[in-house]
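Labels A, B and C are assigned to the chains in the order they are written; within every chain, residues are numbered from 1.
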Amino acid sequence: MTIMLSTRALVKSFTLHLRGGLKMPVLSGIDLDIRAGECVVLSGPSGAGKSTLMRSLYGNYRAESGSILVRHSGKMIDIASADPRAILAVRHETLGYVSQFLRVVPRVSALDVVAEVLLARGIDQDIARDRARNLLLKLNIPARLHGIPPATFSGGEQQRVNLARGFIAGHPILLLDEPTASLDAENRAVVIEMVREAKARGTAIVAICHDADVRDAIADRLFAMSPYQDAA
Amino acid sequence: MKGYNFAYLDEQTKRMIRRGLLKAVAIPGHQMPLPYGWGTGGIQVTASILGADDVLKVIDQGADDTTNAVSIRRFFAGTAGVATTTATSEATVIQTRHRIPERQLREDQIIVYQVPQPEPLFRLEPSRVETKRMHGLADYGLMHVKLYEDIARFGQVSISYDYPVMVNHRYLMSPSPIPAFDNPKMDMMPALQLFGAGREKRIYAIPPWTRVKSLDFDDHPFRTINAPHPCGLCGATDSYLDEVVIDNRGSRLFVCSDTDHCAERRAAGHVGAQGFQEAAE
Amino acid sequence: MTEPTLLSGRGLNLNFGELSALANVDVDLWPGEILAIVGESGSGKTTLLNVLSGRTAPDSGMVWYRDPSGHLHDVHAMPAPSLRTLHRSDWGFVHQDPRQNLRMGVSAGGNVGERLMAQGVRHYGAIRSAALDWLAQVEIDENRIDDLPRTFSGGMLQRLQIARTLVTHPRLVFMDEPTGGLDVSVQARLLDLIRSLVTRLNIAVVLVTHDIAVARLLAHRIAVMQRGRIVETGLTDQVLDDPRHPYTQLLVSSVLNA
């Protein structure tokens, strides 16, 4: 199957100027290939850099060196060296990201938080809201909550809105950061099903997932990471 | 009067004013600075343009016989030795305050308006620098805002005199405090129209046959309103009327504000309902 | 990047006596994007906004604007009438203090309709409908259309300013601390309004703010300024989540809720 995402010698460290320029290396030369239809789960202990890798794939963290190639509109774009506008285009069309926490925007209802993604793609407002509604219902967010901004929702509810927002556009590549962390068993099952459906459509998925059962259900393989070891 | 130059002003001053007038005629409706002078702008303009063969008429609110009109007429008769008249048809120069004669003016006539405040945007924009810029850039949205506000508040534009006009499709102009009723007379007038504002030191002009359009909205067009009564003396139904109290009981009579026009009509045999009152005038 | 920019500044320098207000600043703005210029007081961000919008001339450097037909204009070489026309049609400017951009003695409807009238719209009914429509869009009760702004709250005044600015569908709007001085709840409403209007109408915005949370919410890209220089620039999430310049790190860590 086609390689959708590929990193070569990806290096990322942080320089903490507020701590006198302390340098914290996190990723030291990651090589990773993700194919269409497969789900790769990043595994390893805390501090291994799983989140850092995921955010780097999304272009949220800027790589120090190395490449991050994404198949976008038939071409491979290097996120590590692309200009900001190109990264926005890739995120819009190709690369989706479900973060661990929903970033709450004041006054926008749960329904619109999800529907916005489709509206931005030029889809008719009624159709967009219909699809958003259905996905929220599938994730067990009852209709009475759809018109309410998610600020007052529980952690689990917020996460499900986040998931709906991440999955609704049908991006060819999805990055999932702890997709089931605050969910109960029933909703975990829904998410597992959504991941399976996405894979069946050819979506390439990279996930961080501490829950062993969920990991076993969605992962085609694991990518093991370990914390940066000093040379000395 | 001996010892005075023709029409009182020295030739230098007259030349300066005439130069200003020529420039003003070249840019219809645009305000030019008036070179130093004194007294009313109307007098200065008239003084600059009077020639020995001119015939001068002076009216004040349409009447030839008010104190001011009489004084000014006598002044020019004395300093310029020109002939004067009360008949609009005989005048070559007409100096006016607050009215345009009812009789249509001719190409060989000049009408000089006295203007207290030449700036049409005066009440809306206090800054002179700003109004100058607005005229320079033809940025007149603010004037329309005023009209909009009137319609929103009163259902119609509430300006009854000194109603702003666009001259030659370019400059916003104050026609001086003539009633809105008179505005249409300015449009394509065959006579040259000159405006002098002495206190503000401005002159402006409208050349003959120039488009002068009162500001309005497409769906609230400018309209003049005729008085519901005819003139009590001559029976005219289309002239601008003054309301006159005629006795201690408060009885009112509506008469033409343009005294010459009324007299002409009566001389031609027109009689109004109160025509017999004429003797009391 | 092949897509042409809407507005670009290159090599902008401006000194106020000894003080370097702008030092070799380069800025780009693309159609439909929101760029936040973030910095503390004295950073030069408002000066940059004024230079980009043609209100203040730089000592050196150029600012170009690409009009709808694709022609480039040197903003500081344009004749004053052209720049003024631009400000009245294609461009808009939202001030921190709405009173600077409103006629307090003119009704809300008159304020919103003025730009239309300045552009030559001469139908009272059409102007009034447009004003009603825009008041609704900025969530001002349409019954206030004939009220004077004197009677409006701070948040309402700001929303009225926005309606007045957007009524002519400008392609580019400059905003100087649009939520400055407003209560937090009022800010939230205003930010949401700006966000949805600007997105729906595909307006490009240069937004100056000292408030990182405002930048986070509204902007696609962010430029961080310190003492007249742009020290860091990138996508909003990049700069705020992965700040690289020492000053940016200080700024981000100083905010309670970035």
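One rule holds for everything that comes next: a contact is a pair of C-beta atoms (placed from the backbone, for glycine too) under 8 Å apart; a residue touches a chain by one contact, two chains touch by 3 or more.
In this text, all values refer to a predicted model and were calculated from it rather than measured experimentally.
Set against the C-alpha centre of chain B, every other chain centre is closer than that of A. Of all chains shown, C has the CA centroid lying nearest to the centroid of every protein CA atom. Between chain B and chain C, the centres computed from C-alpha atoms are 47 Å apart. Centres computed as Cα averages put chain A at a distance of 78 Å from chain B. Centroid to centroid, with C-alpha atoms defining each point, chain A and chain C lie 32 Å apart. For chain A in complex with chain C, the touching residues are 14-18, 55, 59-62, 83-88, 105-108, 120. Note for the complex: chain C touches chain A at residues 1, 3, 30, 33, 188-189, 191-192, 195, 199, 217, 220-221, 234-235, 237-238, 241-242, 244-246, 249-250, 253. Against chain B, in their complex, chain C makes its touches with residues 80-81, 84-85, 88, 103, 106-107, 109-110, 113-115, 117-119, 122-125, 127-128, 145-146. Within the complex formed with chain C, the residues of chain B that make contact are 136-137, 139-142, 144-145, 148-149, 151-153, 216-220.
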